[in-house]
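The same chain A turns up in both complexes below, where it pairs with chain B and then with chain C.
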Partner chain A sequence: MAVYRRGYQRYTEGLTSHATRMMVMPRFTWEALLSQKFVLILLVVSMFWPLLCAGYIYLANHSELWQGLGGGFKKYFSINGDFFAIFMKAQSVYALILASVAGPGLIAPDLANNALPLYFSRPLTRGDYILSRMIVLLGLLSLVTIVPGMLLFAMQAGIAGGDWFWKHWYLGAAIFVGFTLYIVTVSLVAMTSSAYVKWRVVAGALVLAFFFLLAGAAEMVNSVFRVEWASTFNPGYALGAVWAEMLDIEIPDDKPGAFECAVFLIALSGGLLALLARKLRAVEVVK
Partner chain B sequence: MNPGQQIWMIAKLELGRVFFSRRSFWVYLLAIFPTVIFLGHALDFSLKAKQWGGDRKTSAEALNQVQTGMTDEKVLQLLGKPINDSIRKRRIRRDQDPAAEKQPEVRRFMMYFDGKRRVDLRFEDGKLVSRNMRLLMNFEEDRKVYAGMFQFFYLRLGIFFGCLGIFINLFRGEMLDRSLHFWFLAPVKREVLLLGKYLAGLIAAALIFGTGALFSFLAMVLPQDASEVQTFWQTIGLEHAFWYVAAAMLGCVGYGSIFLAAGLLLKNPIIPAIVMLLWEGINGFLPGVLQKLSVLHYLQSLCPVPAPLPNDMPAVMKMLLAPAAPSSVPLAVLGLLALTVLVLLAAMQAARRLEINYGTE
Partner chain C sequence: MSPVIEVDSLRVKLGRREILQGISCRLGVSGAGKAIGLLGPNGAGKSTLIQTLLGFHKPFAGRARILGFDCYSQAREVKARIGYMPENDSFIGNMTAVAFLRLMAEISGLPKAAALEKAHEVLFHVGLGESRYRQIGTYSLGMKQMAKLAQAIVHGPELVILDEPTNGLDPAARLRMIQLIKEMKEQHGMNVLLCSHLLTDVEQVCDEVVILKDGKIVHQADLEAERKSNRRFVQLDVIGDDRNLANALREAGAEGVSETQGQWRIVLPADVEIGSLWRLASRERLQIRKLTHRKDTLEEIFLKAVGHIRQTPRETPTEVPHGRL
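And then the complex of A and B:
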């Protein structure tokens, strides 16, 4: 029978669960990403800094090892908010590079090949599609951010004991929430670039340019106008200020505070989500 | 047609695409951004002078009498109501000594203006701890700010990403558009095609960023005090303007060749771009010999004013920072040109071997 004569009817059998459907895309994309040499190299390189930090935590908790150096060294070996802030800033660089490599391939091919109708004709909403694409980055970036961060916190809590944990539990929460916020911001930037720029190469450059150029432009405005408020529009600074608040470390008086930065980040994320939703449609009317 | 004419013909064909394509508009934005900011600074100066002048002005003699250690009440008595006045209580941190909680530290910031100078006073627990006076429009300081802006923003980011966009587009863009085979079908050598495309990219980038550098320099200089500006133009002004424009154009020569080659040699040119961005970023912290293996070192050697260090740079970073002695001007120019020639030769080799396989793009 010719194909055009064939009749079709709606699929009436049971559906897989919502969570299973959502995880289909990440499963395939992770496999593809982890087969890329550069991604693997980057993942390995990004583990050096956490390893060094682990060594530092070990040293900080074994004062007998550096007793000969004198009591003055104690202040250099303290595990507090400052220590985790430095750790988080270093790891966020790797996460950004990973996002610029992995992010652009998420949506651009679907748009270039008109694949969105295929996705949206299945039991998958636009929100599900965005979320499942974000899960890809969340999983990948958490390998260099949340996972080593929480391991370091657990290591410190394990060595220093329960007292330290009860007094400093907020550091663990700050690492988790802070990195999650970072990953969500970076993922939204990467996905929006991927949705609006057809070419993966250019989309990757755009992710990097977004963070570096905004940081440069904010610093330029600060130095030309002799102000500090422009730092609010530097996503790197804004995230750092929110982290500082959560890690309970001080932000200089003249710099924008965590509240202003949080408002900017929320507005930025909202704007990026709106841009994404505008682009991701199952059908497009071309006039 | 000789190869020279062929190169020029290809460049002419490409120029329109590079200058007027929709993808190039953001490059114009990058080039013009510093000019807009310096024009905004001039506007801000005239608005502030008008807003803070008149009744709100404080006499310079009274401001000079203010000494550190004075109480905030005494300063208010002496100078009257400040233009800005804010109070902040220091937050007690969880790790801090509990004894500190009994006496929370109060910080107060006041700002006065004497018609020319802005004076920022900082009080801690009611005592003046710092007094920062500066001219609202300070040519000397603005020139340093321009030097910092030029080296940290314009060269490292603006020209870097601008050239990345322009030059990668020349070959990789055509592959993605599936139109490169039309060029390869033309009776021209691959080397000639590469040089023609490079020339087009270079003319566009050098014109866009050279003009951007010149306009931003003028936007910084022209709103300053007229007599200072006149003296500046009669002494070192033209020389400074020339070297800033030359550094911007030579930046396009160097970065352009590297990104053109990256677009030919690698399937994903973002990887070398990331490596290069990091390499140029840590340039100042590397040993002297390694610093000379970067485009930025030669460009900075051409800049007439050294860039000031960022104020908020941590002390450890300042300690590790060891900028190599700048190269002499002829060496800097020759070094950059030699690097460009080498990179273009490698790109020619790659272009000669290039086989189109659009399916994998």
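And then the complex of A and C:
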């Protein structure tokens, strides 16, 4: 029977699980994001560098193809921590741009249209809401970071064989954990910016500026006081230091170590979460 | 039968201010499809009570339960059973009404296919069928109100909390909204908690009413019982010599008071039929011009509860002697 003839009847059948409900908002948001041409173009462009890296891995593992070029070239064709560090740094730029495009539209519209009471009057807590919104960015950013990173690692392990894998498994773990740390931090910055800044363009610019402003401030402190410890508060450096440690790359002795940087990044994420939780309330209470 | 809403010594503080000051009540009957009116002057604590029932505020003391579940510690169970229509504009930008309702239904736990079906069904039900593919941002105020109602009932909740549902509606849309709320309780068995400043709306829809003032319950009434009792209270206008009417009424077992020439207020005992008044008037050679069931309006009950009048008109005759005033 046609819907308009049937009339309204209460729904009395079974309900979906909590996990399924949590994925509803990300599903709707991904649908909306992927209908934007700019996001699609960014996703396509961000695949160029991983494709080049894949070609590089192929060449590195097929020495017969460049035998004529002489032995000196061998050092340029080694797949190690340095190779994956360069790959991760390049991909992190795409991820940051994607976050600045997709992030501002996540929370600001809900706040502007007073939609939070509608969400929070349903079986969805504030934590669930934040996690749902975060899943949107984690899913999107992992497409340009973790997924190609792990595919490259798998490709190298597949071509180079089991021996290489057992000697270098930590590189796979470093790609996964390092990128996860990065996209969680970037997602929290983008969400907080979306929650506090109403205008989409300004919020997007703020996501990009956040990293540059803190980097500038840290360098200024270092120069004025002739110290190096302020680099800890530069998120770009802090992430690089943690990645370097995990990828077994040396960090200069006078610079802050990976442990301090990891502590700063965790504290930063905690602070951003607290700011988000403070802003996201079903009702504004005037005390 | 368990109550729909059970509030026990509930105290809610927002900052340093105590908004709800130890209120207790049991409202509605689970599964009975009753409507409860929540009334009170501005700042009485109505919205705070609703928000506490929705689990938005943690009680400072006491507890609030909906359908047997604690509103704060068992918020997930409570929220799975209720629908909420907020007072202010609440929607999701850049979404069509169908997409908006499908999202709301899926978050409430409906599977994808069922959510889509119910979204269409409920939009036709509230009269937005033809404009269901328009973005909600382009809707008029009345249409937005209907869309808000639709999202509150799309998942078929047991209790629907409506905060000022007729705000900003033109008379025709207001009547449509009232009709929909009546259908919700009478045809679909939903319980309704209606918070409104428009007493006529509450009077038309609700079976029970709670009046709040300064964070306390100052009156709780069963409007259904009130309506039944009011049926025995009659206002009679007659033409002719009515000097013997008081005695005739007393002989018939009723009591009457003449207010002015030809205007009578009569209390009929349960065993005296209203038809006997016609026979009595005929015997006394009186022509009946008007016979109405006089009742206290909700407005009168409300004004008395909040202290603006000392007694309702119905309470007046009990204080005057029988006979001509």
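For the reader, a short list of remarks on this structure follows.
One rule holds in what follows: the second predicted complex is superposed on the first by the 269 of 287 C-alpha atoms of A that agree within 3 Å, B and C clash if a C-alpha of one lies under 4 Å from a C-alpha of the other, contacts with A are read in each partner's own complex, and residues count from 1 in each chain.
We adopt the following convention: contacts are C-beta pairs under 8 Å (C-beta built on N, C-alpha and C of every residue); 3 or more make two chains touch, one makes a residue touch a chain.
Computed from a predicted model, the values in this text were never measured in an experiment.
When the shared chain is aligned, chain B comes close enough to touch A:Ala217, but chain C does not. Of the two partner chains placed around the shared chain by superposition, neither chain B nor chain C is touched by A:Tyr76. When both complexes are overlaid on chain A, the residue A:Pro117 reaches chain C alone and has no touch with chain B. In the overlay built on the shared chain, the residue A:Trp199 is in contact with chain B alone; chain C does not reach it. Contact with chain B, but none with chain C, is seen for A:Phe38 once the two complexes are overlaid on the shared chain.
Of the two partner chains placed by superposition, only chain C is touched by A:Val24; chain B is not. When the two complexes are laid over each other on chain A, chain A has no residue in contact with both chain B and chain C.
Contacts from chain C toward chain A in the complex involve residues 14-17, 51, 54-57, 75-76, 79-80, 82-84, 86, 88-94, 99, 103-111, 114, 117-118, 120-122, 124-125, 129, 151, 153-156, 161, 188-190. Of all residues in chain A, only 38, 80-81, 97, 100-101, 167, 170, 198-202, 204-205, 208-209, 212-213, 216-217, 219-221, 223-226, 248-250, 252-253 touch chain B in the complex they form.
Chain A meets chain C in the complex at residues 3-4, 6-16, 21, 24-25, 28, 32, 109-110, 112-115, 117-125, 281-283, 285-287.
Chain B makes touch with chain A in their complex at residues 23, 30, 33-34, 37-38, 40-41, 44, 88, 91, 93-95, 107, 109, 134, 145, 148-149, 152-153, 156-158, 161, 164-165, 168, 172-173, 176, 268-271, 273-274, 277, 310, 312.
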